[in-house]
Amino acid sequence: MTQDSKSERYKKGFAKLQEVHGKVGEDVLDDLRKTAPALADFIIEYPYGDIYSRPGLDVRSRQIATIAALTAMGNAHEELRVHIQAGINVGLSEEEIIEIIMQMSVYAGFPAAMNGIEAAKEAFENIKTKKNP
Amino acid sequence: MTQDSKSERYKKGFAKLQEVHGKVGEDVLDDLRKTAPALADFIIEYPYGDIYSRPGLDVRSRQIATIAALTAMGNAHEELRVHIQAGINVGLSEEEIIEIIMQMSVYAGFPAAMNGIEAAKEAFENIKTKKNP
Amino acid sequence: MTQDSKSERYKKGFAKLQEVHGKVGEDVLDDLRKTAPALADFIIEYPYGDIYSRPGLDVRSRQIATIAALTAMGNAHEELRVHIQAGINVGLSEEEIIEIIMQMSVYAGFPAAMNGIEAAKEAFENIKTKKNP
Amino acid sequence: MTQDSKSERYKKGFAKLQEVHGKVGEDVLDDLRKTAPALADFIIEYPYGDIYSRPGLDVRSRQIATIAALTAMGNAHEELRVHIQAGINVGLSEEEIIEIIMQMSVYAGFPAAMNGIEAAKEAFENIKTKKNP
Amino acid sequence: MTQDSKSERYKKGFAKLQEVHGKVGEDVLDDLRKTAPALADFIIEYPYGDIYSRPGLDVRSRQIATIAALTAMGNAHEELRVHIQAGINVGLSEEEIIEIIMQMSVYAGFPAAMNGIEAAKEAFENIKTKKNP
Amino acid sequence: MTQDSKSERYKKGFAKLQEVHGKVGEDVLDDLRKTAPALADFIIEYPYGDIYSRPGLDVRSRQIATIAALTAMGNAHEELRVHIQAGINVGLSEEEIIEIIMQMSVYAGFPAAMNGIEAAKEAFENIKTKKNP
């Protein structure tokens, strides 16, 4: 059986999702899928299949951009925490992540940065807990 | 005459401002200084003297974070344009900048990304005009 | 005793509040009234008495607009949940509400849409729990 | 020669773009394509091919949601104007559009609503100019 | 002939609008009235008739709150400029207004503050131009 | 031993932090310091040492501006609660704070104002609990 191109985007996106987020990404999408299965598919296909898989920017730089944006916008604490964990996965150090978030005090104000640091604290603890259960 | 620490922060910030923005940064601050001189000083001291000068994150990564945040927030078109020009100054390619902005469609929506691309177009044209007058 | 026009706006608004939200709307305002009674009155008078009662747009269309806006702004999770329950009250299907929220991924990004879906999940569960206790 | 599924999404999206926006949509994307061709393709494929083409919500309701969200967010005046023109295309009356925007005073404040009315004024004039040149 | 309460709110609001904004407020609303007459009425009745006319907070303090909020939100440059002019009308000094706006760098970031200073510059020039024509 | 100027800004900022927030401010920063010690220092130095300590605007007016901005932005519930408690510390009455927050319904919408009132309720309860344990 041949697979159509949608499946190609989906497969490419799913592989990228796992590379960036590990098991956490699947868990988030499995939860979303119960209420909005199409949105879970779209997230695999567009952000991960189309955008994150593009060759013009390395995944470490992409994760810097995402952590900065979610800290600055301040509308999605859980997603920020998940993307900070992903930042560690793709090679950012804890120190670099703290620097990205602190820098957002300049562009989005100190409360946004303080909330970003709280998300980082939670993300770093999540990683430690799973590594040393 | 010895200079006090405020002057140290200011001098460090001013050097960093020139490294990141070249002459453009001074022009923006000179205009601001006419109405709010203290804010112009604070911008040199805090964002550039305190934050951008920190060693924990390279300036290329800092500029990725800033371009992402300003595109996502969408509240400061001129500042975004100036920071895209700075992105070129610190070693980002036009392609990388386009990728950062396109990625913001995922986190802040397509209109924010489209407006970011417009700022990039203006920034790239500004650079070309000055190079080849 | 005749009632003045403020009472007319209030009465019209209170009837519209009940039409749109049922008992839930009163509960939210009763809680608000303990700290800011004037704001509770203003909410009945302006949003419900003045705006929602206008004839130029049907209440189903008004609820689409509100669910879209609150999902996109992402600053009021509880209010979004309450307005999703109201969407069901005024004739939107669960499927239509999910579509409205998913569409916000285009204009406000995927994290805003994901948080909107979470609010929808909570709203749908609230309705089921009360119907089948 | 058979076309692959990406072309199917693109073709479906392009047809929907024309249905919703007429010639205006293509003009906007042609301008975007000069700087970020991939983003122009993504806009045809995801918002129009994937989202607007879904059967679960009629296009009139989708346009209500978009006009509401862009008015409330207030970060994209041009896109709002283009989507108001599209609202007329898909069957909303000028009066209904004004009602949607006025309602946003409740959720996003009066300045956002006032700016939305300004975009509506421009959109209505654009339509009249082209109809009666 | 007795006037109904809507007229009372409207008259109270119109007097407050003139106190706060002088002739400028009427000009802004006259322009709005051409496209959305009901919204112009609502603005006189709710923000000025209901809110600004309340006794619990002096009008100078109210104007501080409005200038701060519009600077921080950054979505309404014209309205901010008009409210800065109103700040002068109700007794704030230019210096105090600059301080309010600079303080927003802390809560909303430096770009928002810089844009607020630009609005202040325009407002101060408008006032001077009209005083010394 | 002489202290350098950084210590001067820090000492001035720390004194201002205590004046505005009492013990609460230190508690918030002590928690932040565990993850991002530099950000805790920057908050003492810039917002409190540089901005709040400036003579051009009294601290009561500064607190009005901050409560208004945080209510309008709606991205930092905890910080808003802390700044409402600080508003009481610097001489605002509960009634004045409620008025500031209600006024934000005009500029940022009713959901933002309702969430602000919730933060005020929590702040007023915190103060009462500590006074009458």
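Letters A, B, C, D, E and F mark the chains in the order given here, with residues in each chain numbered from 1 onward.
Note that in this section a residue touches a chain if its C-beta (ideal position, glycine included) is under 8 Å from a C-beta of that chain, and two chains touch if they have at least 3 such contacts.
None of these values were measured; they are calculated from a predicted model.
Asks: Could you compare the number of C-beta pairs in contact for A-B with that for C-E and name the larger?
Replies: More contacting C-beta pairs are found at A-B.
Asks: Using mean Cα positions as chain centres, tell me which chain lies farthest from chain C.
Replies: Centre of mass proxy via C-alpha means gives B as farthest from chain C.
Asks: Where the centre means the average of the CA atoms, what chain is farthest from chain A?
Replies: Max centre-to-centre separation from chain A belongs to E.
Asks: Averaging over Cα atoms per chain, report the distance between chain A and chain F in Å.
Replies: Roughly 31 Å, centre to centre.
Asks: Need the CA-centroid distance for the pair chain D / chain F, whole Å please.
Replies: Distance between chain centres, rounded to whole Å: 41 Å.
Asks: Would you please write down the residue numbers of chain E that are in contact with two or more other chains?
Replies: 38, 42, 46-47, 51, 54, 70, 72-73, 75, 98, 102, 105-112
Asks: Chain touch graph shape: choose line, ring, star, complete or other and state it.
Replies: complete
Asks: Would you tell me which residues of chain E are touching chain F in their complex?
Replies: Those residues of chain E that touch chain F are 46-47, 51-52, 54, 56-57, 61-62, 64-73, 95-96, 98-100, 102-108.
Asks: Residues of chain A touching chain C in their complex?
Replies: Per the stated touch rule, the residues are 32, 34-36, 38-39, 42-43, 47, 70, 73, 75-76, 79.
Asks: Please give the residue numbers of chain D that touch chain A in the complex, ascending.
Replies: Listed in rising order, the residues of chain D that touch chain A are 4-6, 8-9, 38, 42, 46, 50-51, 54.
Asks: Of all residues in chain A, which touch chain E in the complex?
Replies: 72, 105-112
Asks: Which stretch or stretches of chain A touch chain F in the complex?
Replies: It comes out as residues 74-75, 98, 101-102, 105, 109-115, 117-118, 120-121, 124.
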